[in-house]
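In the two assemblies presented below, chain A is common to both, partnered first by chain B and then by chain C.
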Partner chain A sequence: MSLVPSELSSKLSIAVSAADFAPAPHQAQRERIVRPSLSYWQDVWQRLCKNRRALSSLYIVIALLVFTLVGPWLWTQAPALQDLDAISQGPSWSSSSALVVEDPGTWPGVQGALRPREEADGQTLGATASLAVAGLPSTQYVRLYWEAVNGAQHYLIYRNDHAPESNQDLGLPLGATLTPDTLSFEDRLQLRPQTYWYSVIASDGFEEAALSTTAAITLQRAITASQARERGLDDTLGAAVALPAHPFGTDYLGRDLLARVMEGARVSLFIGIVAPLLFVSLGIIYGGIAGYFGGNLDILMMRVVDFVIALPFLLFMILFRIGFGIGPGESGIIPMLLALVLLSWPDTARLIRGQILQIRGEAYVQAARVLGAHPLYLIFRHLVPNTLGPILVTLTFAIPMAIFTEAFLSFIGMGVSPPTSSWGSLSNEGIRTMLSSPHELLFPAFFISLTVLAFNLLGDGLRDALDSRLRSRE
Partner chain B sequence: MLIEATHLQKFFTLNGGRRVHAVDDVSLGIAEHEVVGLVGESGSGKTTFGKTLIGLYDKSGGEVRYRGEVLPARYTAADFRQQASEIQIIFQDPYGSLNPRMTIFEIIAEGLRLRDHCSLASTRDKVVYWLERVGLSADHLSRYPHEFSGGQRQRVGIARALIVEPKLLVCDEPISALDVSVQAQVVQLLGELQESMGLSLLFIAHDLSMVRHVSDRMAVMYLGSLIELGPTEAVYFRPLHPYTQLLIASKPEPDPAHERQRQDPLIKGEIPSPIDLKPRCRFAGRCPKAEPRCFVERPVLREVQPARLVACHLL
Partner chain C sequence: MAMLRYLLKRLGVGLFTIWFIATATFTVMHLVPGNPLANERGTNATIRANLERQYGLDKPVFEQYLIYMSNMLHGDFGIAFSEENRSVNDIIREHFPVSATLGVLSLCFATVGGVLWGALAALYRNRLPDALIMFLVILGISVPSFVFAAFSQLFILKLNQWSGRSILPVAGWEGVSSMLMPALVLGLSTMAYMTRLMRSSMLDVANTDYLRTARAKGLSPTRIFFRHQLRNAILPVITVLGPAIAIITTGGFVVESVFAIPGLGRYFVQAVAQLDYTVIMGTTVFFGAFLVLMVIAVDILYGFIDPRIRLGAV
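Let's turn to the complex of A and B:
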């Protein structure tokens, strides 16, 4: 009896031939266990890719470089362009449109007939019968005019951002008219596209009237015709033009912060990458010579290193900066670069000397010497490839150090000089308005922190990936 | 003699001007096709002697003649190049002796590349030939040292040294870092190569039975000086110097019954510091047979029996 129901067995039936029962031929190839041979650097790369933190840091570093190098091509706002109408604006993605209005100062104002001076008590002064706006109220100007009040010697104008509850709550005193016959006022004080409550109150020269007149006026964003012309926009009166958005907001001069941060990144990363490249190379050459030749030369060279390391770093950075002197129109980047290089090379020199001394004693170097290797061959074939790992780690740790030093010096005002911006100098400018518009400090500070963190984590990951102790030697 | 060291000295100067007598007045020659085993405790100067002999260390005194010609006291790259196809060395540490950034092909081909500019194809053929001769296969050419075991690396080291076809090979403790089973294979390989190529070997080791197995003559070093030299079997079974007697007696016995009957620690104490030595017998402080004379006069190596040289006042 079949164990499998007949209908099922027919479904399961597989075509089996005699050939399937022939013994498998012995193939030597099958028993070979082969995995692709990895060179040292391929192995390091694999280890680095396994380290999520290091890999994401690498992506961040790449993104930062793209931001710095490609950003200015995509974000074409000039970092130095000031817009005093848009001071310390918060971050916003939406671009606003603005009306083109005529230039301020072209309004003659409203004159009233000079009324005879009456001997009246201040308390008897009445409120003005009307308060109106001439033309369109815009962020460029608000042109107020009102009717004369009997006995008024001048008028006081107030502005508030909410409806006043009493005469004590009229808000910001904008000014006073100088003569009794001036019945108008042009407000140009830091106007924003919002509703303001304007109040006019008459005065007999000694006391204010008890009554005021208030009008709520909603302002429209506007740009003057001459500004529009300067920026190459349509300058017909009444036209709506689009104003650029400021995703990072603007600074205290109305400059676009995103463009400023991009420009500052260029300075910060330039110093942060070029300075380490220079001082690490200097350290490699110096340490390599000391380690390779050894003896008294080594002792002498290492004493020089000790001397430079003993110098107080920041004090000397500042002294260098003063010593170099920065003339008008100079950015101060080169003196800072030089100072960084001159003070930072000894650490690398020590490290490389130690590495060279260690590798010089390795048996494979001795084997190469016995085989007749020239010193240059030893250096480039054996010593350099085996010190590349530590060099790379030093370099990745030197970069955040240099960026941080640059930012610190610029922050305390000893770094790049205005108008050149770097993240440090942007932070310095931002800290003045920290309480009212924190974004001016937060964005550059965030970029400094992100860059320093990314390079540090990348260096950490690289060190782990290169560390031969973690690597199996068998 | 193929190579002959006479009164060879190597001192290292420490901070403060103190001198380490690593090799102090050693005279030793190696004939063609001969295997000389050099034994001694750790710190006796065996390795320093080997490296000074071939020029890896500058000589502090004495001279070395190769086929009658005096070798330079301080080697330059050109001296090494000239000597490369005559004298080679293999190292103790199979891990440190191969550059971790180079493939096996690059490592083995190094000697050929440095000597003459052969075509890549002929270099490759030669490297494959040597790789197979030391018991590895052509598959291994593009691999890196970290993919190999200690024994395999030592084979690569042997191939690197022998591809330039030297006459003399200094084996600096080639087996002491290997497993016992692998030691035998490597010694076997060295023996075969020595015979087929007609090599002369200076075989440095501290394993007495391994040295006895491979060498024709055995030399014993103690604290930088050579104290006994003679045919291997004679030195091994009838040691003359008190130190050699103790050294051979302290060799572990494979037979447990025998081992149990053995008397307790035969050599007392440790090898003394080789710094600023006085003129006296190097072994006097630990020698059970020491006489007052041993503490004031340094014995010279002299022939006490035919072909047997010993440095001891008592013989």
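Let's turn to the complex of A and C:
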């Protein structure tokens, strides 16, 4: 074998070795365009990832799902726990510490000797000589006592946020003693950890004294021992316990708004995701059958769709609620879901029918039919998967619609009602205290808007990524 | 003639749809066991039987249905349960004009605003005004109307406090000034949708041959913009008027209850809270029929404006 090339080489005087006659590497391999082939969905995914708006919406959606599903494990405050000492607090990250104080019980107060009016006759009423606090002034209770004033029939107690300049500056009294010999007053009315100026004025029953005594008293944040015990905190008197922070503030019953928004997210997102999944599926089945079989069945089925679409949507959502026997003030999440499904499927059905009508004449469908495929197999194995793009887009746009519907209904009191919370019902509660503490409306409204926005932008991005017309234009 | 046939056909289907709405309403309301008088307090058996006879509730369901349908054909929606001697017709006659005024006003806001902003966004395509308008559009679509309603009330309040006099009323329904804010809030989401639609429609028209021709002829840009581009781009906006009316009438529930406007939507919500069956049924059928007729009216209007549609439909 090796003899022939060596003879040749000697004749042509070219150095040829046996290696020159080894088969050349395959050229086809080299000419191949080195780009991995992409399936349709991989391509869609790449396009989606290029769309920064859509991608950030996707991240927001994932974050919302994590917030809803994982959040309650991380933020363990009970959403239903009321704290009447912390009503409508603004958002704050810092946790406050509170002193554990004795349960207030009933305070007997301080009794003084009666100074008969006769003794003091002709004199003008003076101010009390001293005003002091019994025990520790705390946000649970402030116990004031003072010295008796000659000729006083009762005393009026004022509380101010600032040092009063004169008697005219005192405002309305906080309370009054009933008898002349009661020389004490217990204040338990909406106390906050700040400095208050308490003033006491004696009155002879007709007019108030011209002079008042004022004491500046700084209150400490406190909870009573029994409250501490209820919440599983250290209940030894005088101990400082840490009260939980409220990053979103509290609502009108002192419940933690972050926990409530998380709890509400479960209801809102449950309805917002499960209802579209159900009615889109129903629409696929209905539209698929109508589109595939066509003819009179199609006409009949589409007439039904026309009728259901004509029903006034929100009115019928409410009617179904009554129809399911849910009275005002009760929340029916499952009935709301059912009503949403019953009223919303026709849009998807119409869309799927149109899509199926378009592709049912394609060669691959005919081939499958010739091979004897069962119609249902054809619809759900060949036709529906090929309309998956529009279905996905419909689903993405159906989610904000369902979330909006839930929020609207709960907002007008026809959806989820207390004690169950949803973003809509939280907004409904929040709007009542909007003037004094807007955060109670702001947070649930923000979450509704953010979710709707994210799903809308994601839907836009998906539609762009799936649109084959755009693809051919590039 | 063809137009007349088309009209008759549309009206026929419309009537059939209204019948379906009435039947569906009746069915849903009779799904519940028990009857509307069951929660009346202080009625003994005799009184209740008498009341049932008066309202026809002692008859079989199908007979009740026939009575209900024949009454409705006569335009009689029955008598309210929760108020003495007040027929549902009276309630509709009193409260519907309020809702309709609010609806028409907000539809005007939405259409004018949508066309204007959309045209503007298309004119400044991919520039700052466009980005700004589209950002506001996304906001308008994503924020629920009750939030807008609440914060616009807050805004009016602060405005009044700041100016020291009442520029706009915070709530209620007296005079034009009290209608402005609710109508604006109610029309906001529709305006956002219309802006979006108008913008894309303007951009579609910008690529047409007739616009290129107009430009080639040397027409002034203003004339091209207003006479050729804008007028043709408005057509798709008209098609969404029908659904927009539906959205605005039902969206009115929320705005009416936030702004304390005595409209039919607010009355309906109250009737549901009181389980006032005749009012609920009457209002639903009335609203449904109104919407069906409105959609037909918009279709016909569209047929007049755009002859291509008319020819295609017949």
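Basically, the second predicted complex is superposed on the first by the 411 of 474 C-alpha atoms of A that agree within 3 Å, B and C clash if a C-alpha of one lies under 4 Å from a C-alpha of the other, contacts with A are read in each partner's own complex, and residues count from 1 in each chain.
We adopt the following convention: a residue touches a chain if its C-beta (ideal position, glycine included) is under 8 Å from a C-beta of that chain, and two chains touch if they have at least 3 such contacts.
If you're wondering where the values come from, they're calculated on a predicted model, not measured in any experiment.
When the shared chain is aligned, chain C comes close enough to touch A:434, but chain B does not. Of the two partner chains, neither chain B nor chain C is touched by A:243. In the superposed three-chain model, the partner touching more residues of chain A is C, compared with the other of chain B and chain C. In the superposition on chain A, A:411 makes contact with chain C only, while chain B stays out of contact range. Judged by the touch definition given at the top, the superposed model places A:285 against neither chain B nor chain C. In the superposition on chain A, A:210 makes contact with neither chain B nor chain C. Touching chain C in their complex are the following residues of chain A: 306-307, 310-316, 318-325, 327-328, 400, 404, 407-408, 411-414, 427, 431, 434-435, 438, 441, 445, 448-450, 452-453, 456-457. Here chain B touches chain A in the complex through residues 51, 54-56, 75, 77-78, 80-84, 87-89, 91-93, 95-103, 107, 110-111, 114-115, 139, 142-144, 146-147, 149-150, 157, 160-161, 164, going by the rule given at the top. Those residues of chain A that touch chain B in the complex are listed here as 34, 37-40, 362-364, 366-375, 377, 381-382, 385-386, 468, 471-474.
The residues of chain C lying in touch with chain A in their complex are 13, 17, 20-21, 24-25, 28-29, 31-33, 138-139, 141-144, 146-147, 150, 153-154, 157, 246, 249-251, 253-254, 257-258, 268-269, 272-273, 275, 280, 283-284, 287-288, 291-292, 295.
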